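For reference, the structures are reproduced in the following blocks.
In what comes next, subunit A is part of two complexes: it sits with subunit B in the first one and with subunit C in the second one.
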Partner chain A sequence: MILRRESSPLGRATSGFLLIAFVCLIFADIAISTGDPWHEFGLLLTGIVTPDFYQTDSLALAIAYTLAFALLGVAFANVIGFGLALIFHYRIVRVGCAFIRAIHELFWALIFLQMFGLSPLTGVLAITIPYAGIIAKVYAEILEEADQRPLSALPVGAGRASTFLFVRLPDAWAHFRTYSMYRLECGLRSSAVLGFIGLPTLGFHLETAFKEGLYSEVSALLILFYLIIATMRVWMKKPLLPVYLIGAAAILPWGVAFSWAHIGRFLTEDIIPYPIRAGGDNMMASLGDWVSMLMVDQIWPGTIATVQLTMIALVATGFLTMAFFPLISPLLLGRVARTGGHVFLVVVRSTPEYILAFVLLNLWGPSMLPAIVALSLHNAAIIGHLIGRFTETLQLRLDAVRGVNRYFYEVVPRIYRPMLALLFYRWEIIMRETAILGILGIATLGFYVDSAFADLRFDRALFLILITAMLNICVDAISRTIRNRLRLQTTLEER
Partner chain B sequence: MKLRNLLFAAAVFAVPVIPMSDAVAADKFVFTAIPDQDESALRKRFDKVAKYLSSTLSMKVEYVPVKSYAAAVTAFRNNQVQLAWFGGLSGVRARGLVKGSTAIAQGKADPNFETYFIANAGTGLTTSKEFPKQIAGKTFTFGSKGSTSGRLMPEYHIRKYFKKTPQEVFSRVGFSGNHSRTVALVQSGAYEVGATNFKVWKKGIKNGTIDPKKVRVIWKTPGYPDYNWSIRGDVDKTYGAGFIKKVQSALLSMKDPDLLSSFPREAFIPADNSDYAPIKDTAKELGLID
Partner chain C sequence: MPLLELRDESAGYDGRSILREVSLTVEAGERIALVGESGAGKSTLLRLLYGKLGDAAALMPQDSALVQALTVFHNVYMGRLHERSVWRNLRNLLLPAAADVQEVREVLAPLRLEEKMFANVGQLSGGQYQRTALARALYHPGRVIVADEPVSSVDEHQAREILATMNEEKETVLLAMHDRSLALEFADRIVGIRDGRIVMDTPSAGMTPDDLDELYLSKSAIAA
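Moving on, here comes the complex of A and B:
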């Protein structure tokens, strides 16, 4: 007799997402279109093993700027985010934070470039604003989930300020510190990537070197970047923080002309839809045409590509995570192999997905394939690392099976829930990244945003960015609903 | 502790953020150039031009590198640069945004500039006098999205011939970013066909960076006006009357072949805004400007 089991909600969710991704994959363009991809790959490998540190003009300055933008951006974001976390129970604050973090830092930078030009303010604000939105949310959650026991031990009549300062804050503070270190790492990645659109950070030279096929220079720049991130815990010491911040503020060239007129012009003219600016008798009709043209030609195809890429990348991330976490799991591998696994995961997750996609695009040509691989590698390295660490806390029976059977019957069932939780948590992040990969030529919404900026049509750019943000907010909401339904939880360390 | 440090630091660098005036220092003149080729050599190419202008105008002249055509236009618009070496389209856009700005010089080749359609040897396409209709269905790369010779003019001819958008004509359409990269991508076979600036092509053939066995020219467009030096109208006020004329004559008297090879042009000749009317019309027709 065959026993029919009730399908579990977890199983249904999994098969649902597999099905959606499969359908998306059928319609996706994943061709390798370069004539001889391995030739270029050979050149890249040769370059990687022969790094040349002396090719880049003003390399030291690029490193200094990368650090300065990241430090100042993250510091400001911490202050603002902390403030916002305290008033996060207001709906308007929650919605506002969701909105500012739904827009990728590269888009923020493109907007600020119009207002402030190539000034330090552009780089710092591009990091500060979206990061403040993210930090506010995470800090609010930390405060909410903090240990409640000290609260119940309070004497009657304790003031609100002192309750906060002496009871709630001390418990959350350690979490804040850990999290801001992680944010600084993200900030360094973002800062480097801002160079791709013209700020003088490592990415400025990295993009040029990639474009011109100067792979030895690429290798040198990437090595320096990994070194900065890998040694962060050594140089980032609390007493030194003020020194770093003052240093960062001091080296940036603030002397660039700052003009209220440019800001005013951007806000009151540039971003007003063209038909309204042009005026005329049938303004409303031409505005309607303008919107429907954007809808049909750009928003619709861009949204489809964005969703398609997101769903495929999400599921691919899941599969890759299952392959990555054993690399650092003591349940499955020995010490030596695990060290190799750690190095591999650190390198893959430190490489911004934007750069990963850029490399793969050069090798394979412009289809969705490079984007899918880049997004899933990067995200799987992050989730794989967290899950691998999680398996360190698992206790198996002494006589538990070994090898492949241990992986499938002992480990996977135990990690599946937390893995899904993390995967859904990163869903929104993956979508934000897909939009930005459009700048590299993959026809997501970001492609049309980039085209609008290239045409100096800021009205269109802003409209498209707003649509992109809406899409992100929707995915965030769906992801939260699913996580609640399936009772999937992420712990503080995993955000 | 950290919060206090942060607040302290915030107080420290709130000082330099205090809005500075919009006025440009009258002792420094800044220019930029669209990053149309060899991006890793931009500084090498234009720092010597800055040096030349500096000594000719007897004042401090600086070159600022930018990452995109749009960034060059924005810098010009925001008066971060007062002079720029633009393409036809970026020049039209920039002058449209800055009242009183004018084109003052162009390369000798620019009134009659050409785009070359190039193809990977593997396609079997060969040079022809007629528009190469066999390119339909192939993969195709433009240069930068904002380029005249790499985007505007090739797209114009493609639409004119096929009566369809490039996306409908080709199996795949890309934007390489700049002209030397377009050549490299078609040469490597990453794209089968591409459109590039004829000056960049000729320079590559001369330098040996292009392998004629792997990539060849299949069609040359009719001539059109392209690159130009454009200057902001308010510089006469900032740097003294007659400044525009001074800059123009400095550009026109640039004779050193080493300097001219940065562009690459044989010499500079006068230009004015009306020279670029055909580019403006074409861009409007293609819907690239409102």
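Moving on, here comes the complex of A and C:
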């Protein structure tokens, strides 16, 4: 009789990903290149504990703009996304939504920046478009999973519209509301980050203050940002929504002019690959050269770096999650310690990974390390929060062991599956963010996109953005296959 | 000296009292079955007894509470988790040590679970699952076993096997049971509970299931 432990699919998947991440790490540049990183870190910490709310003249305005972009962007995305969810059974809609959400809001912002300049339209559209794609998918799933039983109790001949209004919508409505609150939180983070490419939101002031070493001001900006997110459930009330939306539309500086001729030229000329635009007899040959040149010089190295960073960050997120979820788990910690854990996780997950990476990059110098740490901290705080809350539903035996034994024998085996489900679900999100961090100078695809925009080579920028989108769609497909094969499921609340 | 002694103990949840002024003395070597209607307070009394015994007793809770994602080996090994160093436990989680595998195998073999040693608990049949829960309690070093409805989800043949093994391997047995004939067959002392009070405490010898009827009749039936 052979008594061998049959290797489980979950175990094989885990070791596979560990191996891939390890190989990626061997080839990654993770050196700290600044002369005295801890000195600067000390200054930053001093600044963090001594916030100065009177430094930025326009602090209130920065907050107001951040809120305005987020509110308008998410509101429009909700309306459009809901409409798209209703027709999500058309393949063209599904593919279209997958495409627009595969492009990060900062890339959308860079594109609209060329068309509308610093007009508020740039910020609102940059949030609305990708969010509409995400919301359409999630709302369609919610409608699909809604309780179908009342359908059979409906009188024969009830019309489609009334069926929808009375049977499917009421059940889904609560989910829509919860989800749009979560989206608004994401929208606030996106809106803040849009400041890094010049819009007048929090990120703009954050970048300026940071570059000038005004850490007390950085601290004040971040504290205000956390407060807004932490109190969202208090101020975001349905009757007040129209007031907020009108207010948001009113304060944004719509006066910035843009020329239609300019937009037309951008859409019909600037973004067309140069060889096609130039025409000529050997257009096809020169287009081939153009593509292969981009391929060798930018797409290939950019893609390798993006995938490499994504894989390291994904596995690092897994490890950090295992350390983060106990902080809020009643199975492992007491009430007082858990309160501290909650505060810590809220702060870490409210900080956009872009801002974290920006801060760390300034402290440690350019390498993959700041990106790895930023991505894994942010995502582990999100997954850790969900898993920590999941452990509240677990019932342990009366005689369950305590401490480290409990963690490894009672808790980890029970949370491992849901944790992997969430981790794979966020894989695509991590990759989208990895590409974006290139704007900060890490050589992922975003780096080449940003350089192309800086050189006014919009045809290259667009081509690179398309490649990035394809890469995201591929990873999404792989992740879905793995999740199906391992039977890993996430619940609606966790999307 | 008795193994444990309850004197006028009360217990309940959320301010609602379930047990009222219960007194009970347990001697080492006794096999006691708590019988009564569901909701009468059997589980609460059992939990109270287990609380007094601490790690001198192995527990078999009502829902068995095995960790689905772990193997039979790991679930059984957990019976001695509190006796081993954290490092040894960690090591066994990833790569079971030969010595511990051998120990667990000796517990599993008589329960016909040896072949399932490295199967995940989630893949077991109902009987195998229950026997794994028993194996875990048997591997626990305590000489006392506290079991809440240990055979409620298996057929009678398997139930007899589980109860007989329990009697054989542990010195003192404290059971909560709703099957009257099995209780009389495997316990030597019957403690009857109704409405949170002990209303019967007799040796099981010579009793028939009908003698337990008064525990199960509702109050209104008695009044009538």
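Things to note:
Note that in this section the second predicted complex is superposed on the first by the 490 of 495 C-alpha atoms of A that agree within 3 Å, B and C clash if a C-alpha of one lies under 4 Å from a C-alpha of the other, contacts with A are read in each partner's own complex, and residues count from 1 in each chain.
Going forward, a residue touches a chain if its C-beta (ideal position, glycine included) is under 8 Å from a C-beta of that chain, and two chains touch if they have at least 3 such contacts.
These figures come from a predicted structure and were not determined experimentally.
In this overlay on subunit A, subunit B fits alongside subunit C without clashing. Using the contact criterion defined above for the overlaid structures, shared-chain residue A:Leu398 touches subunit C, although it does not reach subunit B. Set against each other, subunit B and subunit C touch different numbers of residues in subunit A, with B touching more. Looking at the shared chain after the overlay, A:Thr178 reaches neither subunit B nor subunit C.
Contacts of A:Gln489 after superposition: neither subunit B nor subunit C is touched.
Looking at the shared chain after the overlay, A:Thr231 reaches neither subunit B nor subunit C.
In the superposed model, the vertex angle subunit B-subunit A-subunit C (Cα centres) comes to 150 degrees (nearest 10). The gap separating subunit B from subunit C in the superposed three-chain model is 40 Å, by closest C-alpha atoms.
Common to the subunit B and subunit C contact sets on subunit A is no residue at all.
Against subunit A, the residues of subunit C that register as touching in their complex are 47, 50, 55, 58-59, 61, 65, 67-71, 74, 78, 81-82, 86, 89-90, 93, 96, 101, 105, 114-115, 117-120. Against subunit C, the residues of subunit A that register as touching in their complex are 1, 3-6, 8, 395-399, 401, 403-405, 408-410, 413-414, 416-417. Of all residues in subunit A, those touching subunit B in their complex are 33-36, 39-40, 57, 72, 75-76, 78-79, 82, 113-114, 117-118, 121, 177, 196-198, 204, 207-209, 211-214, 217, 238, 241-242, 245-246, 248-249, 254-262, 274, 278, 362, 365-367, 441, 450-451, 453-457. Those residues of subunit B that touch subunit A in the shared complex are 1-3, 5-10, 12-13, 16-17, 19-24, 38-40, 43, 64, 66-71, 73-75, 78-80, 93, 97, 120, 122, 139, 144-146, 172, 174-175, 177-178, 180-181, 184, 188-191, 288-290.
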